[in-house]
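Have a look at the structure below before the remarks.
Letters A, B, C and D mark the chains as written, and numbering starts fresh at 1 in each.
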Amino acid sequence: MAEESSHEIDMLLGRMKSATSPLREILRELHSRLSGNHAGTVADYIPELATANPNSFGLALCTADGQIVEVGDCGTQFTIQSVSKPFMFGLAIEDHGVDHVLTKVGVEPTGEAFNAIVLDEVSNRPYNPMVNAGAIATADLIQGKDYPERVKRMVDLFSKFCGRDVFVDNSVFMSERLTGHRNRAMAHLMRNFGMMGERFEEALELYFQQCSILVTAHDLAIMGATLANGGVNPITKTRALQSENVKYLLSIMMTCGMYDFAGEWAFRVGIPAKSGVAGGIVAVVPGVLGIGLYSPRLDAKGNSVRGVEACKELSQRFGLHAFESHFSGEKLMDLFALKRGR
Amino acid sequence: MAEESSHEIDMLLGRMKSATSPLREILRELHSRLSGNHAGTVADYIPELATANPNSFGLALCTADGQIVEVGDCGTQFTIQSVSKPFMFGLAIEDHGVDHVLTKVGVEPTGEAFNAIVLDEVSNRPYNPMVNAGAIATADLIQGKDYPERVKRMVDLFSKFCGRDVFVDNSVFMSERLTGHRNRAMAHLMRNFGMMGERFEEALELYFQQCSILVTAHDLAIMGATLANGGVNPITKTRALQSENVKYLLSIMMTCGMYDFAGEWAFRVGIPAKSGVAGGIVAVVPGVLGIGLYSPRLDAKGNSVRGVEACKELSQRFGLHAFESHFSGEKLMDLFALKRGR
Amino acid sequence: MAEESSHEIDMLLGRMKSATSPLREILRELHSRLSGNHAGTVADYIPELATANPNSFGLALCTADGQIVEVGDCGTQFTIQSVSKPFMFGLAIEDHGVDHVLTKVGVEPTGEAFNAIVLDEVSNRPYNPMVNAGAIATADLIQGKDYPERVKRMVDLFSKFCGRDVFVDNSVFMSERLTGHRNRAMAHLMRNFGMMGERFEEALELYFQQCSILVTAHDLAIMGATLANGGVNPITKTRALQSENVKYLLSIMMTCGMYDFAGEWAFRVGIPAKSGVAGGIVAVVPGVLGIGLYSPRLDAKGNSVRGVEACKELSQRFGLHAFESHFSGEKLMDLFALKRGR
Amino acid sequence: MAEESSHEIDMLLGRMKSATSPLREILRELHSRLSGNHAGTVADYIPELATANPNSFGLALCTADGQIVEVGDCGTQFTIQSVSKPFMFGLAIEDHGVDHVLTKVGVEPTGEAFNAIVLDEVSNRPYNPMVNAGAIATADLIQGKDYPERVKRMVDLFSKFCGRDVFVDNSVFMSERLTGHRNRAMAHLMRNFGMMGERFEEALELYFQQCSILVTAHDLAIMGATLANGGVNPITKTRALQSENVKYLLSIMMTCGMYDFAGEWAFRVGIPAKSGVAGGIVAVVPGVLGIGLYSPRLDAKGNSVRGVEACKELSQRFGLHAFESHFSGEKLMDLFALKRGR
């Protein structure tokens, strides 16, 4: 049985080599089938999100050595939203080192909703960088001589991961800051506890900006592949993150990435991933590939319905669970042979 | 840098081949250094645990192909306690399939203490099989035509994982059931919610029995190696768990294995592991090796102080984090060559 | 306006003097009107409760000097259930003094359901004697050389308050103990925390017994009048509780008596009261009268629907709120004249 | 025994009639004795509070018919802080009626700290008007054609209760709004939930203003006496609150007035009261008198140490508990005779 499964992985990678590959057919079939799933609702807490085409659906794969296969609406732009969180956490770690960062934001799953008003008062920090409070505290850590430089460093980060210049959607940004009472409440509360310093409102602004970066499913696949490739963008060959820090992003995505579905995600799907409220998901099979997904209809936990389904199927079909016993053995040698670009 | 680190792993495995290996020297040095750490206190909620020699310290490694290196008190017997939990969870999955098991016990980290009186009332189940409530609900799932057969199946499970016949320490068992008011409270509460059926008190008995199984650090290393080897005991070549179920045990150990230190463990150490209140820890580097640890002094979270330190050092030194980017590349081929026994 | 309202109270008392009084007419009208309210459901967690006639409705008033007016099913027997709690709390205070009792059970409202699994771990005691945990801890405090004597003292207590020999309904008692997993869980948990001693299971038995005492709406009115009369049963002239301890029962009924409706009850109705799951309510207008109610259909919070409505109406109509400004002044002199029996 | 206690009350009132009364001596002795208690610490979260003389101690009694006895620093000004809360709640009730107000703020004790970030999400309102969130939601309800008029109505309210023009301490006000991150967080959160409307920041300003009103222990005694007298200031004979609304203030003070000591306060002291962080306490014996206290050293729960002690002693010595059985009988007739001013 182990042989069969790793055989599948082997074939998966093999198929990506060819533009007319059976893999493309497999993804097309998956895309076509999931397109029939109209469950879920598009986020509408700001008008900009509500205008998304609910039927949009893009699915892109990018290997750790830069081969890309994509199906559907992979060029449609949407705001990155919470998918930005692990990447900003990585930048904070590069700015301060992991030990300092962990004094400001924890790495414990909460079992609470992403916007829960809960803080780890014992450790005097938000629970983890994937909940809004933790993401705001993380934004507070981004360095720069002034606010414009901090914004620039944030934009540069996502540009490096995407391999192209990215931009903030200003109308989303303005809407977020106008209506973000809950996030503003969290920021004041963290200021109250001394979890953030005097410039906490700047951190909040930066957070609203980062959430408003425009990306595509294509971009997300490359961002994931960059993590799969140890921090080097496999398309541009530019390093976006130090190799030794990649594991921190993947760990936190594994345990806290999918809101309060995180535990079951780690258990059943086993692929480090992060979703956003605009309908994007980035998923990473370490050493192998990145997956980029876009479909704006969300389930009750705030994850893209089709995105979750696609990840589940890909994980089961190709044995992509991080702790899959099948994912090993001599068949993997072919797999690693694919990753020459790393 | 990637080359250096995977070089380390390569050497690690290489060193295990030789009885006079540098690896043994490295472990001896680690053992000797950590022996100087007298922090923590021996559990004493039952008299039997309090009699443990607080200075005992055993550290054993067993590769996925059955090579063993051990230092210190690796033959000292102690009760397995909570280290039993993932293994019983695996048996429940084999008895019922993962879907049914997940209707009875969740897989979400709680952020609460292991003995917290919290249940997931929305899903009508305990949060996960690593908290006591979840472990009792898991024991309830173990099949058998009567109680003695259920006990026998539990003992057989651990015997297969250890590769020898294991036994229950009866005086610990008797103490546990006499003083286990909290666990008894949990069982009544779950019965009240309909989370367990009529024979819930039998499940409680079975749970107290499983916790009282006597093991050694040597045993724990082999148990870990059995998981590292896809469910087949690398010493006896006997299958203890179906290959496709191994990932479930490793996932739950990764996210919930180390009590409320679990989040930081997954983040920093990145090795699926489970600790017990008698001072044992089993840790698994999937595909590579199992680690067995015994040192009865516990930190405030209930984990063996020296055990935690040893895992941290081994993880950092040899790049054993599950999401370590360095843990890959052509050097791993030698590693896999070691696993002929699989 | 103050004059009018105290005039009403004046009339209320005046009317009770006469068997053909307008007061009886007022109560008859109230009873008749509320009989049309069929909202709520009869408790059915044990079969014995489910057999109650859902249309039963008794409403009895007994003044602090022993005059009784009653309408409807005031002779129908039902189990006292949680209405027993404040009285047992009073007995515990008489056995140990209020200071000692408060080391074992708190007096803080919880805002949680009556059967919530929450304990005040800071103070190491249940939150208050009106939640089940607190009632069990209270039962543990009842003195006696052995269990039969403790049961006898409990039965004697209720006999004194009712002014007749009361009895336990044995089939209810047996059902309660068979199905009381939640209460048993609480008892084990409190034993675990050291909140109760070795004989905690005896306390649980005693608690199940006290809940199974059979009473009528007539009895409850006299029990209330006994508290209104400073602890002396106005019918038998027997002291059931020391005068200085009455205030403790009334306080706890005011703040914690009506489950999680307690806050709004104290605010709007303002009459110390306690309800039970069989449909009984006892309410006390200190110095004036006791009210006994029976109607088994319960609202979502576990209080008798008609009982709550009747208390609300009586409070508003006659200005019975404990902090009613109208409830004072020279008109009250007539009121006190009525209370010669005190 | 009842006779003795009500005799005490009788004497208490009797003594107030005479300037050279034994009552004054009793209060002097109490004041002198409690002056020796230096426990607790002065609040210092804003610099203005920290400058208070920690030894200041004023104790004033004002009967419902306007007789005043005072000892110590009864003319020292301090900010009213949370003592303002029940009074503003009363104004909100007068502006909107109790039913509407209860849709915006609950009346349930929380068991949490006064500044807890908890909201009753089921009812979509803060738990009660004595916690900060509830007080801010209450301030939001104060009517007025614009902000200055709303402030004026607030100042007028306290002026009527005190019987003199009161003023806002502007430096305290400025400090509160500068540092009030926690309250600002609560306001944003309530805005987020739709618990407050667009002008929520104005409500926050108004709340900071009301907390900064300057009063004395003398003022607090008169404010309490106004409530004891059914809403009419016994000195100026001006109505400050409708009679039928007084019970709502007294109820909420009884159950929620003393932070998380509230339950034990209702149980043991039994006098509706409200404390503030500057060291003030107002307490009300309905129909009898108001008590004003000032001593800035606070206990861990935020209540004035000496203030709490003084209330406890007065309650026990004179039987002032709201549910005291002794507090009744013919001796009270003399008491009511005193209240001619009502």
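Everything that follows uses one rule, which is that a residue touches a chain if its C-beta (ideal position, glycine included) is under 8 Å from a C-beta of that chain, and two chains touch if they have at least 3 such contacts.
Remember, it's a predicted structure, so these values are computed and weren't measured experimentally.
Mind listing the chains that sit against chain A and also against chain B?
Chains that touch both chain A and chain B, as defined above, do not exist here.
Quickly list, by label, the chains bordering both chain B and chain C.
none
With chain centres taken as the means of their Cα atoms, state the distance from chain A to chain C in Å.
58
Roughly how far is chain C from chain D, going centre to centre by Cα mean, in whole Å?
31
Quick one: report the Å distance separating chain A from chain D, using the average Cα coordinate of each chain.
Here the centre of chain D sits 52 Å away from the centre of chain A.
What parts of chain B, by residue number, touch at least two of the other chains?
none
Name the touching chain pairs, please: which are they?
A-B, A-D, B-C, C-D
In the complex, go through chain B and note every residue touching chain C.
On the chain B side, the touching residues are 117, 181-182, 184-189, 191-192.
Show me the residue ranges of chain A that touch chain B in the complex, using the header's touch definition.
Of all residues in chain A, those touching chain B are 1-2, 98, 102, 106-111, 127-128, 230-231, 243-244, 246-248, 250-252, 254-256, 260, 262-264, 266-268, 270, 272, 286-287, 321-326, 328-330, 332-333, 336, 342.
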